[in-house]
Amino acid sequence: MDKINQIKISKGMKVNELVKGMKYTAFNAGKLSIAVDILEEMIKDKDCRVFFGQAGALVPGGMQDVINEFLRNKWVDVFVCTGATLTHDLVEGLGFPHLKLEDGFDDNKLNEQGYDRVYNSLMQNKAYSALEDFFNKNWDGLSKAGNIREFLTLLGGISPKGTILRTAYENKIPVFCPALADSGIGLMIWGRKAAGRKISIDAFDDMKEIIDIAWTAKKNGVFYVGGGVPKNFIQQAMQFGKPASYGVQVTTDNAEFGGSSGAPLQEGISWGKMQADARFVDVNCDATIAVPLILAGLKDRL
Amino acid sequence: MDKINQIKISKGMKVNELVKGMKYTAFNAGKLSIAVDILEEMIKDKDCRVFFGQAGALVPGGMQDVINEFLRNKWVDVFVCTGATLTHDLVEGLGFPHLKLEDGFDDNKLNEQGYDRVYNSLMQNKAYSALEDFFNKNWDGLSKAGNIREFLTLLGGISPKGTILRTAYENKIPVFCPALADSGIGLMIWGRKAAGRKISIDAFDDMKEIIDIAWTAKKNGVFYVGGGVPKNFIQQAMQFGKPASYGVQVTTDNAEFGGSSGAPLQEGISWGKMQADARFVDVNCDATIAVPLILAGLKDRL
Amino acid sequence: MDKINQIKISKGMKVNELVKGMKYTAFNAGKLSIAVDILEEMIKDKDCRVFFGQAGALVPGGMQDVINEFLRNKWVDVFVCTGATLTHDLVEGLGFPHLKLEDGFDDNKLNEQGYDRVYNSLMQNKAYSALEDFFNKNWDGLSKAGNIREFLTLLGGISPKGTILRTAYENKIPVFCPALADSGIGLMIWGRKAAGRKISIDAFDDMKEIIDIAWTAKKNGVFYVGGGVPKNFIQQAMQFGKPASYGVQVTTDNAEFGGSSGAPLQEGISWGKMQADARFVDVNCDATIAVPLILAGLKDRL
Amino acid sequence: MDKINQIKISKGMKVNELVKGMKYTAFNAGKLSIAVDILEEMIKDKDCRVFFGQAGALVPGGMQDVINEFLRNKWVDVFVCTGATLTHDLVEGLGFPHLKLEDGFDDNKLNEQGYDRVYNSLMQNKAYSALEDFFNKNWDGLSKAGNIREFLTLLGGISPKGTILRTAYENKIPVFCPALADSGIGLMIWGRKAAGRKISIDAFDDMKEIIDIAWTAKKNGVFYVGGGVPKNFIQQAMQFGKPASYGVQVTTDNAEFGGSSGAPLQEGISWGKMQADARFVDVNCDATIAVPLILAGLKDRL
């Protein structure tokens, strides 16, 4: 057995040095370090397709460019997220940054002032009008989509520079979002439909695409931040495509409550979602801390 | 201010007595007691439409009939859940009960033996064949659906007695499941489509229905168990329909990580999802403990 | 393997019926049910000495009499807790009930008004004067104690009826509190000492007593609510006395952060604190919900 | 209001740059960044006495030198911790490093092989013999102590270089440990006493010292990692000495269960433990991740 490393911190230390030093520490620091090792290995493995699933308010949290880096560097082959992430992303892109809440707030006053609270981050309510304008103006092009992935590719092509949607588009990374209806972008689609504008998006068509990507890969790797539908949707593709050979999960949920978001990657072996001999690790940490650390480690190594 | 009640426990005590006795205790016992009061009030309020959103593996957890009771007693007007819940529900109905895991398991062996693990509950893998048969046999009827809610109504009509799907159908309670693609039932639809059988389900059509239900209500009430897409989808209907006047949330997630599942109901006031003067409470407790307690309390009162 | 029980809730259901019905459910409901079974067995086992360790603000939470029941029924042989619990207990006994916080509070105003906040429960600051009077009046008797356990026995003998301290005294159950210095009662001792009144309490003398109790038992059983020093101090007695044959733990902490409070009982096997063939279970639930349920179950069975 | 910063991660990024970049992010990344700012300010404030309270298995986690750095740089004036930390510390110092657990362990086998498990870190059981030898050899010097702080100062003077105990001694930082009886070192004291060797350590004598340090300070600052008795003991010194002007807390516990470990620093205002206008922040993160980040930030700034 290895000795636990009583980690030394030095002046001017680089993030990658810190992450490497954590390798033989215990608890979540050790897991975080191993997460970077596994991600490094899965990204370098030319035979491996990397599926990145993300839930939680990472864009209001300040992590838009952190996600972009995974796409921009083509470290991932497939991106799956919530509708909320794409809405927050587009709202930032349209010029409505999220704002950092100060102490002493009152939700009723925030409502009157037009701020929508996500813990200590605020969305500006007036962004909805900008979304309306954006979708009105661009509807004809978008309405050609037949499934959600296609819709998001078309949307990515016209999204502002710097958005996740645009970055994925520019790097030819498909974006899946099974519950897009459950979001501000979904509301935009619903609003146009209600106004009699045509669009026909099949709810089940995407499944074939993502399962085919997993099925035709030599190997698969998964990177989950936050659980939810994005994780579960990728897990399903692993089960019916090909079980993952690598896995990293960052979540603050617990296994023992039985939900998918807190399920350890280990459980996936029973389902055939994870290879029995896969390399994987679960990290229990707020994503706004863990993912920047992981990214900084990877940037120095890749 | 009220005094904290140093609760007395008596021999033969009924659950409802226990729950009432918790009212003036602190922490989550006090919250649980108030949750029952608020649910009682929202169910009794004839002007109020009750939206029940549920995520997490409640059926593998043994809570299928607990959910049914809310539907069977017509305490709720709308039910929103994950595709996993409906799949687990149908699998139970088709004669494949979940099994309780014994100690000393090995996920690789479970995989070889055909068991899919959800913490300490197991799904029997052979249920997938039964699902295949069921959907093959019933496809023609199901394929008439144009949106997910319609599909689930049709599915409810042919589901075995005792399932959530059937109970909702019998009580004319619409079931929404925005991310149905992310589930075993979704896979069944995908499989039929892949085999050339026709179905055309619009991904965004349900939104109009649920928002209309919220819009046309005099008042709305929400009951969330476990967060996820079901909660967020109802919250969206509150925001664009009519803010909730009552709310109860059971979750084990934390507010400070910023995700929707852990967001306190209070946050909804800023969004216009919750009335500023609404009665609401958040309970942090495993749903398999909290929801049976709540139900037993309600059964004695309603 | 057993089937998961889809639990049925009936009108007028007793708590013990509910708890029994949870036995073949999964997640924490199943664990809670097994916890009652194990406690029933360890209490009935005439050869077993039961150690009850408790941390967390259970008295401000309304659980004073819940703890008393375990003592009053002589279900436990040793009680270990924090100094805070004993202080809260005495304060209640001296006529200063905790109060339930209303919404819209301001910690600065609470401070000015003399309320000390414990989440949503308040201690009345004026209780400190009553404590001063109580200890001034009773000092001569108390100061004969040579160790903390003796001090608490003497204190129990003069504490008001209904307190944990008095109930333990009346039932001849020793109370240990290794960190008594870390509490309001500790401050009272410090205050008298500072005023020149004599007392000489050895910090390490109690260890012999508790280890001897564990050492001379045929079997030991442990019941931990909330972790902390009380759990760890009992675990130490198991390790150097005799490993436990039964264990129940109620905690909301997580294993993976490495702290003692979240450590699963299973870990104790490696240390020799728990027998390899012991019956034990960990329940992740707010104690204010779990412990009343456990108690109500036990009252119907014992 | 400030805009949320969509943080940019660069190649070769230093930890301090990362931490600074997190300042205007939301959730726990933002809090971590502010924690470093507050610690920087409290350490630089010549009028401020800094109290560092630590609970949890940080030494088995690989954080011994991380703690040392706070002492070695004289950034803290008082150190309060659990007996477990000091035992783990001394065990490392005596040449028994903790070991990193590999997968596929069995607690019963670990017990037979002499390993004591702390999640995924192992203590070597044979360290107890080394502890026995150490205390036998050094007893005469140690037994002159009259209180726990004195005992730990004497122990620090003879502890191996590189231990927390020794580092605190060398930098004249008093170490308090109210529950020292609850630890391996406590057992060593008990063992000597049982063998008839003399020592007389007063359980309540330390309180005067720590309260006096707080009382005579112009200002106080607190840094809590992990809650427990160390936090509560310092909070008590703030309440009866002088309320803190600065505060940083790293914990993974939740406020709503009512325990001291999860209590937000904000609550301390009601008690008079924290100034109403103090600067403080709570960070919810595994200490093995958060504390190295904080330290690396401080090293670059101080």
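When the chains are written out, they are named A, B, C and D in that same order, and each has its own residue count from 1.
We adopt the following convention: a contact is a pair of C-beta atoms (placed from the backbone, for glycine too) under 8 Å apart; a residue touches a chain by one contact, two chains touch by 3 or more.
Note that this is a predicted model, so its numbers are computed, not measured.
Residue-numbered contact pairs of A-B overlap by over half with those of C-D, the repeat interface among B-C, C-D or A-D.
When chain centres are defined as mean Cα coordinates, A lies farthest from chain C. Separating the CA-averaged centres of chain A and chain D is a span of 35 Å. Put simply, the C-alpha centre of chain B and that of chain D have 43 angstrom between them.
Among the residues of chain C, those in touch with two or more other chains are 26-28, 57, 60-61, 118-119, 121-122, 254, 256-258, 284, 286, 288. Interface residues of chain A facing chain D in the complex, by the touch rule stated above, are 1-16, 18, 21-22, 24-30, 32, 57, 59-66, 69, 92, 97-102, 118-122, 284-286, 288-290, 292-293, 295-296, 299-300. Of all the residues in chain D, the ones that touch chain B in their complex are 26-28, 254, 256-258, 284.
Of all the residues in chain B, the ones that touch chain A in their complex are 55-57, 60-61, 82, 84, 107-108, 110-111, 115-119, 121-122, 148, 178-183, 186-187, 189-190, 193-194, 199-208, 211, 226, 228-229, 232-233, 236, 240, 252-261, 263, 266-272, 276, 286-288.
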